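Across the two complexes that follow, subunit A remains constant while its partner is subunit B and subsequently subunit C.
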Partner chain A sequence: MIRAVIVMNTQGKPRLTKFYDYMPPEKQQELIRRVFGVLCSRAENVSNFVEADSVFGPDTRLVYKHYATLYFVFVFDSSENELAMLDLIQVLVETLDKCFKNVCELDIVFNYSKLHTILDEIIFGGQVLETSSAEVMKAVEEISRLSLSLCFCWKQPQILSHLSLSPFLVGEVDSMHE
Partner chain B sequence: MGSQGGFGNSKEFLDLVKSIGEARSKAEEDRIVLHEIETLKRRIVEPDIPKRKMKEFIIRLVYVEMLGHDASFGYIHAVKMTHDDSLLLKRTGYLAVTLFLNEDHDLIILIVNTIQKDLKSDNYLVVCAALNAVCKLINEETIPAVLPQVVELLGHSKEAVRKKAIMALHRFYQRSPSSVTHLVSNFRKKLCDNDPGVMGATLCPLFDLIAVDANSYKDLVISFVSILKQVAERRLPKTYDYHQMPAPFIQIRLLKILALLGSGDRQASENMYTVVGDIFRKCDSTSNIGNAVLYECICCVSSIYPNPKLLEAAADVISRFLKSDSHNLKYMGIDALSRLIKISPEIAEQHQLAVIDCLEDPDDTLKRKTFELLYRMTKSSNVEVIVDRMIDYMISINDNHYKTEIASRCVELAEQFAPSNHWFIQTMNKVFEHAGDLVNIKVADNLMRLIAEGFGEDDDTADCQLRSSAVESYLRIIGEPKLPSAFLQVICWVLGEYGTAGGKYSASYITGKLCDVAEAHSSNDTVKAYAVTALMKVYAFEIAAGRKVDMLPECQSLIEELSASHSTDLQQRAYELQAVVTLDAHAVEIIMPSDASCEDIEVDKNLSFLDSYVERSLEQGAQPYIPENERSGMINISNFRSQDQHDTSTHTLRFEAYELPKTSAPPRISPVSLAPSTELVPVPEPSYPVEMHHVASVPSVSDTGSTELRLRLDGVQKKWGRPTYSSPASSSSDSTSHKAVNGVTQSDVSSTSTSRTRDSSYDSRSAQAEISSEKKKLAASLFGGPSKTEKRPSSTSHKVARSTSPAVEKSQGPKAVASSTTGVVSEKAAPLQQPPDLLDLGEPTVTSSASSVDPFKQLEGLLDPTQATSAANHGAVDNTKAADIMSMYSEFPPSGQSSVIANPFTTNAGDANLIPGLSTTNKTGHAKGPNPRDALEKDALVRQMGVTPMSQNPNLFKDLLG
Partner chain C sequence: MGSSIMDSLFQRSLEDLIKGIRLNLLTEPTFISKSTDDIRREIKSTDLHTKSVALQKLTYLSALYGLDMSWAAFHVVELMSSSAFAHKKIAYLAAAHSFHAATDVSLLTTHQFRKDLNSANPFEVSLALHCFSIIATPHLARELTPEIFTLLSSSKPSIGKKAVAVILRVFSQYPDAARVCFKRLVENLESSDPHTLSAAMGVFCELAVKDPKSYLPLAPEFYRILVDSRNNWVLIKAVKIFGKLAPLEPRLAMRVVEPICEYMRKTGAKSLMFECVRTVVTSLAEYESAVKLAVVKIRELLVDDDSNLKYLGLQALTVVAPKHLWAVLENKEVVIKSLSDADPNIKLESLRILMVMVSERNVAEISRVLVNYAIKSDPEFCNEILGSILSACSRNVYEIIEDFDWYVSLLGEMSRIPHCQKGEEIEHQLIDIGMRVKDARLQLVRVGRDLLIDPALLGNPFLHRILSAAAWVSGEYVEFSKNPFELMEALLQPRISLLPPSIRAVYVQSAFKVLIFCLHSYLFYRETIACSPSSPDNFVSESKCPGSDSAIVAADCQQDEVFNPRASNQSFEDASTEDVEDITVTHAQIPNSASLGKDGFTHESIGNLLNLIEVALGPLSGSREVEIQERARNVLGLIELIKQELPGLVKKEGNFEREGLKFPKIIELMHDAFSKELGPVAANAQERVPIPDGLILRENLGDLEMICGNDQLPTSSSFSFGIPHSKEKVGLPQSKGESSEASTESTSLLAEHRKLHGLYYLPSEKNDVSNDYPPANDPKLQDNLNDDAKDLVKLTEQSLLQKKKPNHAKPRPVVVKLDEGDEAPIAAKKLELKEDLLSGAVRDVLLGNEAVSTSQSNLTDKSSSKRRGKEKLNTDHPSGPKEVLGDVGNPNMGNPSSRRSKHHGHGKERRHRSPRKKEKEREENGQKDKQKSSHRHNRHKSRQRAEGPNNVVTQTPLIPDFLL
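Our next item is the complex of A and B:
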C-alpha cells in the first residue's frame, strides 16, 4: 500500500502532501523535513530508491524522482514494487504535463486543488487506481466541466462508455463460479 | 489556459503563494502564514460569504496546514462545505476534510450523514467524492453506517464507481477485518466483473486476504492464471496498455498473488509454470515497467515450488539486471538475487563480481541492499569477510537506526557462525567499541556468558585461552576514550572474573586498571558499580589464594569516595568490598568461589537457618511474627509517603506559616482515614506478598520493640478497620501493616527493606533510591512520633551500615545470599546475581546492567522459583550446543565456493566505481519535448497577474520527461 505522496521543491518546501494514513500536521512536517534531508544527501547518479524505515517505520521504502525544481516522492510498503512505483510517478507527472501543458512548479502551486483531484484519480485509499494518464485526464476534465456547470444532477452523456463495451475478459472465471 | 479553468483562484491566494515563495527565511514564511491565518480567522466567520469565496478560503486553509500551521479553527467550515449541493464545493469540502481530519475526530459524526446521502446520489461524481472520503474518514464504529451503501455500489453502472467501492471495502477490511468478513465473497464475485479495471482493483483486497490465509483461495489459482494469461496475450483493450505493456500493474498484482498461492504448493505451482515462463519470454526488458514485471516474475519463481527452467530464466534476468548501468536495476537485481539464492545458492557464484561492485558503489541504498544479500548468504566459511565488511561499513555511517540494525546483524552472524572464539571476541569488541550503546544489552550478557562458559566443551584449556585472550584484548582497549557503557560493563566483569586467573597479570595491575575505569567514568554509576564489584572479586580471589592483599592507594580512595556516594547501590558495594577484604581465606572462598559465575545459587526461601535465632529471640520475649493474612491492612503506604514528603518540606524550609500543625497531627489517624483503596492498586504483583513475607519475617523476629506502640496501632486498626480491602490489594496493605507494626521500634532493617521494596514498584525508583536514607529517617520519625525523631535516625543509619557484614559472616555457603537479602541493599546479591542473569535467555528484559542498577530486581530473581532458572539453563545448554555444532562446521576446510567468494573481496576492491555518472533516465517520455513558446506565454501570463516566478528559469520543466 502507498503510505504517502509528497511533492516538494528542491528547497524542501512542500508543494503537495498526501498521507494515506492520518498523520497530525506536526508529524507531517517532521516527516517532510526528514525526507528532504534524505533526498538532499543523495548523489546525482544513484538509484531512485531509499529504504525509509528510519523515517516511516519498519517495512517502508520510498521512491523519488527529481524533475527540475521538484522532488516527487512516493512512500510505500513491501506490497508494492519499486520499479512500478517509479512508473507511477511517471504517470502522475505525465498527467500533470498533459493537464498543464509543460507543467512547472508554478502550475502545481497555483492549482493545488486540481492536483489533489488528479492524484485522487491515480491513487485511491493508498492503492493504485488508474495508470493511464489519458483516463485520468478524462476523469479530471469531466469533474472540471461538471463543477463549472453548477447543476449537480446534470446527467452527462456516456463519454467513458467505450470502456464497458470492451470485450469481456474473464469469462472463464465467471463460468467457474456460477 | 487549462490550468485555471474550474480551479481558478483569486489574486489574494496567488499573492499569498507568491509571498511565501519569495520568503527568505523560515521565520519570514511563518510570519506571512500567521498573518494569513489571522485574516482567514476573521473573514471566514463573516456572514454571507459567496460560495466561491468560501471555497477559496478552504483551499487556503489546506495550504496553510500543509505548511505546518494549525488550521483547526476552519475545520468546521470544511465540514459545512461537504453539505453543499454544488459539486465543486462539495468536492472541495471533501478534499479539505480528508486532509484535515483523522477517522476519530469529533467532527466526523457531522459528515457521516452527508456521506450516506451522497453515496446514494444520482451523480456518479458525487458518489466518487463520497467514496474517497469514506476511505479516509470512516473508522471501525462508523463502518456499519455506510457499509450497506458501499456494498450496493458494487453493482453500480459506472465502472469507476465499482472500482472505488471495492477499494473502499478493502479499506474497511484493513481497518477492521471482522466488519467485512461476511462480504469477502463479493471480492471473488467482482473478480469476474465486465471491466478489467474493476477486476484489477479486486486484486488488491484479494492479495491482502490471501496473504493472511492462502489455503481458502487455492481454488482461484486457475482463474488467476487464466486472467494473467489473457493479460499477457494482450486480450485487454488497448487503453490498458502502459508503455506498450499490457496492463503491467495488473500483471504485477497477479504475480504477487500467485507467489503467495504457489508457495510450498507443488500442484498449484505447476499450473503457473507456463504463464510465468511466457511472461519471462515476452516481457519488454527495455522499459522500466517491463523490468518491474520481470522482477515480479523472479519473486514469484523464488516463492513457488521450484522449476528448473524458470529458475534459469530468472537467473538470466538477474544477470541482466546486475550488468545494467542503471542503479535501479542493479538494486532490483541484488534484491532478486537474495530471493533466489534461497532456492539455488549456486547462482550467487556467477555474480560475485557484480555483487562486489555494488558493495563498493557510492549509492547507499544499493550498498545496504547488498549487505542484506550478504547477510542472507553468510556461511561459516565466509562469515569473517562479511562481518568485517559490515563492521567497516557500520563505522562509516552516522545513521543510528541503520547502525543499530547492522550491529545486531553482525552480532547475530558472529554468534551463529563464529569460526573461532578468538575471532568472536575480537568481532564483538569491534561492534561494542563502535556501536556499543546501540546494541541490545542482551548481547553483552551473551558475550559474558560465552566467556564464562566457553563453548560448552569440557576442554578447559580452550576455555582458558579464550578467557585470557579476552582479558588481554580488554586490557588493550580499556584505555581508549569514549567507550560505550555496555562495553565497559563487559570489560569490568571479565577483568574481575578472569583478570588474574591466568596468573599473567598481577592483582595490582588489574585493580589499577579497574580504578582507572571507575575514575574515567565517574558520572556513570552502572560502570562504577561493575568496576567496584570486579575489584571485590579480584581481591577475594587473592585472599582465597592465600596471598596478601595490598590495596592500591587509588583504590582505597575510590572505595572511600564511593562509600559516601549518593547512590546506595555504590555505597553498598563499597562497604561490601571493605568487609570482604577483612575476611579470612576460608570465608572468602565460600562467599566468592573462583570462576563460579555459571553455578546455580541455591536459595533457602524459608530462611530455615534462622530458626534457632528466632526461637532464642522469642524466649527472650520478642514479639512473634504475625503472618500477613492475620494482619489486615492498616495504613496506606502512599499516605505515609505523602506524609513523609510533608515532613521533608517542614524539615528543610517552611514557606507557609501555617503548615506546621499538619506535621504534629497524629500520623496514625489522618492516613487511615484518608486511605483510598485505589492508591493500593499500583502494587499488585503476585510474587510480591511472598517476598514481603520473607523479608518481613526476619525483622519481626529481631523485634525488640515496645508493645505499647503496637497495641496502640492495633487499636487504630480496629477502629478504622477497612473491610473494603480487596484481595489484589492485599500485598501492599500487608506491607503497610507490617510496617506499621514493626517499623517504628523494631529493626531498622525491616523498615528500610520495606520502603525499598515499595520503591521498587515505582518507576522513579532510581531517583528515590538516592534519597531513601532520608526517607528511612523520615519514616522512622513518623512512626516513632515527634519525640523520638531525633534519636532514631542516627541509630538507624548506623545499623544499616553495619548490618550486612555480620550477615555475611554468620551465614554459610549459598545461604549468604538469602540472608543478605534481608539486609537493606544486598551487596552480596549483586555480584552473585549475575550468573542467573546470564543464563536467563528467556527473559531479555532482565539484564545485568539493569540488575546492577536495581537491587530489588535481583532480589526477585533470587527468590523466584528455581524452575525458572533451571529452564533457562536448559535453554542455554541447547544454545551452546547449537553453537558447538556451528563451530565444528566452521572448522571444516572452506568449500570451493566460499573461497571464490572470499577472494574477490580482497582482490577486486579497486574495481569499484566502474559506472560512475550513469543516469537513470526514463526512456518512456522522449517523444515529448519541451515547448519554449508555451512556457514563455505562461510565464508572461503569470507576471501579468503580479506573480514573479520563484525561480530564474521560467521553463522549469524543460528537462521534464527528457
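Our next item is the complex of A and C:
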C-alpha cells in the first residue's frame, strides 16, 4: 500500500501531506525534513527512487518527481510497483494541471482542501482507486458543487453567505477579493 | 451569541491564514501561535460555520506545520454530525489526520459513521469511508462491519470500490469481520466494474503479502484474472499475488509461469514487464527458460537511458545473482560501468551485485579493486564500499576468508583511506580476528604497530576506535611484537592526548601488558644467562621457585596452545645450552622475535623503559578520568614495586648479577595473569545467565521517572567532569641521553614526529627525513586506477569461470567458532495475533467452517456428519471446467487426516454465540442465497472441522485441483 504522499517545495516547505497510517504531527514534520534532506542532495536527471528504509522503516520505498519548484513524493511498500507509482505521480500532476490550468506552486498553496479532494479520489486508504485524471476531475467537480450548494443552503438564513466561502472554489473567491 | 456573530464576521478564512503566513514570513512562529489562539476561541463557537473554518485552519496548521490538534478531537466529532456536506468534509479530513487508536472520543463517532455510511448521498458515504479507512479502531470496525458488508454489493461503482478497499482496514482491526465479509469480497473479483476489480485485487495483494498460505484456495480466481484482465494495474497485482503463492505450491508455479512469461514478452508497459521479471527471479527461479527470458529483459532495462529502468534492472539482477551467476557475468560490463554512474542509487546497486558475487576465490581481487574505487569516491559511497567489504568478508565468521594475513592487512589499509568512517566495524573485526584466529595474530600485531606508530592518525576522530583495537591487540599479543620498546613508545606518545578517555585507558592498559612482557622476558633471559654457565645442579635448585613455575606455566601455555615465545623459547633442554641465540632462532614460527635477541632486553633498556613509563604516565595519575587514572596508577605502582624488589635494575648493571637472580614473584604472577587467553564470547552469552531469584527485570519503572524527572542524569558514560586533555599535558623531554640504544630501528614516521616536536623519544638515527607531517591518511593513489574497470572485468571472468577451488599454498587457519550463536540472535518474528486471527477467519470462510470457533462440536453429530460429508463429497461439487475437485485423497493436497469431515449444510453456522448473532445469521442467509446463484463458491463450503480454534492455523488449506 501507499504509506504517505508528500508535496513539498524545493525549500523543504510541505504543501500537502497525507499519511495513511496515523503519525503524530511532530513525527510527520521530522520525516518530511529527513525526506527533504535526501531529496535536495540529489542531482537532476538521476533516478527517481530513494531508499527509504532508514526514514520510514523496513520494506518501504520512496519515489519522487521534481516539477518546477515542487517535489511530489510517494512512500509505499512492496505491494506496489515502483514504475506504476511513478505513473501515479504523473496522474496526480496531470490532474492538478487540468484543475488549475497550468498549475503552479501558488495554486497548491492556496487550494489545500481541493488538493485533498483530488488526492482522495486517486488514493483511498493507501490503495490506488482511480488512475484516469478525467474521472478524477468529474468527481472533484461534483464534490465541489455539492459542498458549495449545501454550504449556501445552510448559510442563507445566517446572512453570512458572502464570507468564508467553501474552500473548493477558492480560486474564484480569490479573484473576487482582489 | 454576540461574540459568536462577531467571530463569524471577522473570522479569518483558511485563505486569510495562508496569506498571513506568507506575509509574516519572518515572524512565522508568532503569527502561527496567535492564529492558534484565535482558532481555540473560534472553535468553541456555537455557529457551525465558524467552527468548521476554525477546524479547517487547525487541520492545515497541523498537517503542514506540525501543530498538535489532539485537543480539538471533540470538536471534530461535533462537526461531523453537521448536516452540511462542507462541514462534514472538513470534519472527516480533520479526523483522518488527527485521530488514532488512543483517541477516546472516536468511540463517539460510531453512530455518525453508521448514519453516513447509510446515507443516500454517495459523496457522504464516500467521505465516511475515506475517514474510516484511516482511523477505524477495533471497536469501530466491529460495530460497522454490517454497514461495510452492505456497501460491498453497492450498485454504485464509486461506492463499491471504496467499500472493497476499506476492507483492508476493517480486517486488520477486527479479523472476525472476515467471517462476515470475506465471501462478498471474493465475489468482487468477478465484478464487471474494472475499478472494483482493481480495488479487490489491491486488497488481496495486501492480504497475500502478509499471509499467502490462506489465500491459496483462491488461486483459480486469480488465475482467471491473470489470464483475462487487460488492465495493467490489475495484472501487476495479480502477478504480485502469484509471486507470493507460487513458492507455496509447485503446481501453481508450473501453471502461472507461462502466462507471466507471455506478459513479459508482449506487454508494452514497463511496469508490468518489470513486475513479471521480479516475480520470475524471486519466486519462479527454478524455471530455467523463464529466468533466461527475465535476464534478457533485465538486460534491456540495464542498457536503457532512463536511469529509473537501469536502477530497477540492477535491483532485479541482485536478486538473480545468488542463484544464477551467469546472469551477472553476461551483464558485467554494465554493472562495473555503473559503479561510476552519476546516480548514487545505481552505484549502490552495482556495488551490491558485486558483493553478491564475492566468494573465497575472488574476494581478494574484488576487494582490491573496490578499495581503489573507494579511495577516489565521494565520502558517502566510499563508506558504502568499505561497509560492504567489511560485511561480506565477516559474513558467517569470516567464511570466505582463506588468508587472514591478507585480510588483516586490508583492514589496516582500509583504516587509512581518507574518508573511512567505519572505525567501529574495523575495531570489532580486528579484535574478533585476534581472538578467533591464532595464526593471524602475528600479522595483527604488525598491522597494529603500523597504525599505532603513525602520529598523524591520532588526529582523525574516525580512526580512534581502530587505534583502540590496535592498542588492545598489540598489548594482548605483545609476544609477537618485533620490538616491544618501540610499541611502548607508540603507546605513550604525547599525541594520545587527542584520544577520548576511554581509548586512552586502553592504551594505558596495553602499555601495562607490554611492560610486564618486557620485564618477564628480560628477567627470564637474565636468569638463563646467569644459570647456564653455572652447574646444572645450581640451575635446578634455583629454578625450583619462580623459574620452575614459569616453566610449568610455559608447558601449560603450550598445552593451551597459547603462544608465548619468551616462555616457550625456554624449554629445559634449551636452557642448558649456552648459545642463547640458538634458542631464539630455533623458534622458527616467529622469525622476527630473533631480532630481539640477547641485546633486546638489556639492563639499560629496561631501565629506560621504566623511566619512559614513569614520565609518560606520571601526569595521568592525576587524571580526572577515573579509568585512566586508575590504570596509570596501577602501572606506576607496579614500577614502584619492581624498583624495590630489584633495586639493581635501575642503578648499576653490576648489582644485578647478584640480586637479579631472584626472579621476582610479582612479575611472574602478573605475567601469568595476562597469559590467560581471551576467547570470543557468544552474542547471546548473557541470556544464558540464569536470572537470580527475586530479581524482577520487567518491573515498571514509570514511577522512577517522576522522581528522577528533574535530575539531569549524566549523559557521559565516562564520568568526565572536566575538559579532557586539560590536566594531562604529558611531561616534556628530559634528556635525549637517557634514551636507550636498545631501540635499534624506528620508523620514519616516529622520527619525523620526534624531530618536529623535539620530544623525548629514543634517538632517531634518520635525520634526513622531511620536516613535514605526512598528510593525515595520505591516499595512496595508484596510477592504474583507470584500469580498475578492466581489471575487474578480467578478474570476474577468471574467478567466475574457474569452477574448481584453486589449491591454496597454505591451509586456511582455524577460526574459532562458538557452538551456538556467534551472531546476535535474531528475535523470532512474532506473528501478530491479529494476523493469526485474520488468517484463521479467512481459512474458516474459505473452507466453510465459520462455526468452529464458536460452537462446541457435538460429538454424535460429528461422526454422522463425517459420513454424510464423505458421501456428499463427490456429488456436491459439480465439476466445472476449473473445479475438478474430486480427488480428495491426493496426498499432495495436504494432510487429509486434518480434514475430519466435509460438511455441506449451513445448519451449524446458525449456532453462533457471538453477541451479534442474529445479524450474522441474517447475513449468512444472505450469503447462502448469493452462493446459490453462483456454484463457483460451492468449493468453499467443503467443511473443515478442527478440534478448537487453535488448530485453525495448522490446517493445510485446500488446494484446488484445477492445477493438476
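Basically, the second predicted complex is superposed on the first by the 150 of 178 C-alpha atoms of A that agree within 3 Å, B and C clash if a C-alpha of one lies under 4 Å from a C-alpha of the other, contacts with A are read in each partner's own complex, and residues count from 1 in each chain.
The rule we apply is simple: contacts are C-beta pairs under 8 Å (C-beta built on N, C-alpha and C of every residue); 3 or more make two chains touch, one makes a residue touch a chain.
The structure presented is a predicted model; accordingly, all values stated were derived computationally and were not measured.
Once the two complexes are overlaid on the shared chain, A:D107 sits against subunit B while remaining clear of subunit C. Between subunit B and subunit C, B contacts the larger number of subunit A residues. In the superposed model, A:V46 makes contact with both subunit B and subunit C.
Using the contact criterion defined above for the overlaid structures, shared-chain residue A:H116 touches subunit B and also reaches subunit C.
In the overlay built on the shared chain, the residue A:R145 is in contact with subunit B alone; subunit C does not reach it. In the superposition on chain A, A:S78 contacts subunit C only, with no contact to subunit B. In the superposition on chain A, A:Q90 makes contact with subunit B only, not with subunit C. Once chain A of one complex is fitted onto chain A of the other, the partner contacts of A:A134 are limited to subunit B, with no touch recorded for subunit C. Within the superposed three-chain model, A:T17 lies in touch with subunit B and with subunit C [touch as defined at top].
Once both structures are placed on chain A, subunit A residues 1, 13-14, 16-17, 20, 22, 24-26, 28-29, 42-43, 45-51, 79, 81-84, 86-87, 109-110, 112-113, 116-117, 120, 124-131, 139, 142-143, 146-148, 150, 153-155, 160, 163-164, 166-167, 170, 173-174 are touched by subunit B and, in the other complex, by subunit C. Of all residues in subunit B, those touching subunit A in their complex are 2-7, 9, 14, 17, 21, 59, 62-63, 65-70, 85-88, 90-92, 95, 99, 101-103, 122-123, 125-126, 132, 135-136, 158-160, 163-164, 167-168, 170-171, 174, 188-189, 191-197, 199, 201, 204, 207, 222-223, 226-227, 230-231, 235-237, 239-240, 242-243, 248-249, 252, 256, 288-289, 291-292, 295-296, 326-328, 330-332, 362-366, 368-369, 399, 401-402, 916-920, 922, 924-925, 928, 930-931, 934-935, 938, 942, 947, 949-951, 953-961. Residue ranges of subunit A in contact with subunit C, taken from their complex: 1, 13-17, 20-22, 24-26, 28-29, 42-43, 45-51, 78-79, 81-84, 86-87, 109-110, 112-113, 116-117, 120, 124-131, 139, 142-143, 146-148, 150-151, 153-155, 158, 160, 163-167, 170, 173-174. Subunit C makes touch with subunit A in their complex at residues 8-9, 11, 13-15, 18, 22, 47, 49, 53, 56, 60, 62-69, 83-86, 89-90, 93, 98-101, 121, 123, 129-130, 133-135, 158, 161-162, 165-166, 168-169, 195, 198-199, 202-203, 205-206, 209, 232-233, 236, 240, 270-272, 274-275, 307-308, 310-312, 342-346, 348. Against subunit B, the residues of subunit A that register as touching in their complex are 1, 13-14, 16-18, 20, 22, 24-26, 28-29, 42-51, 53-54, 67-70, 79, 81-84, 86-87, 90-91, 93-94, 97, 99-107, 109-114, 116-117, 120, 124-132, 134-135, 139, 142-148, 150, 152-155, 160, 163-164, 166-170, 172-174, 176-177.
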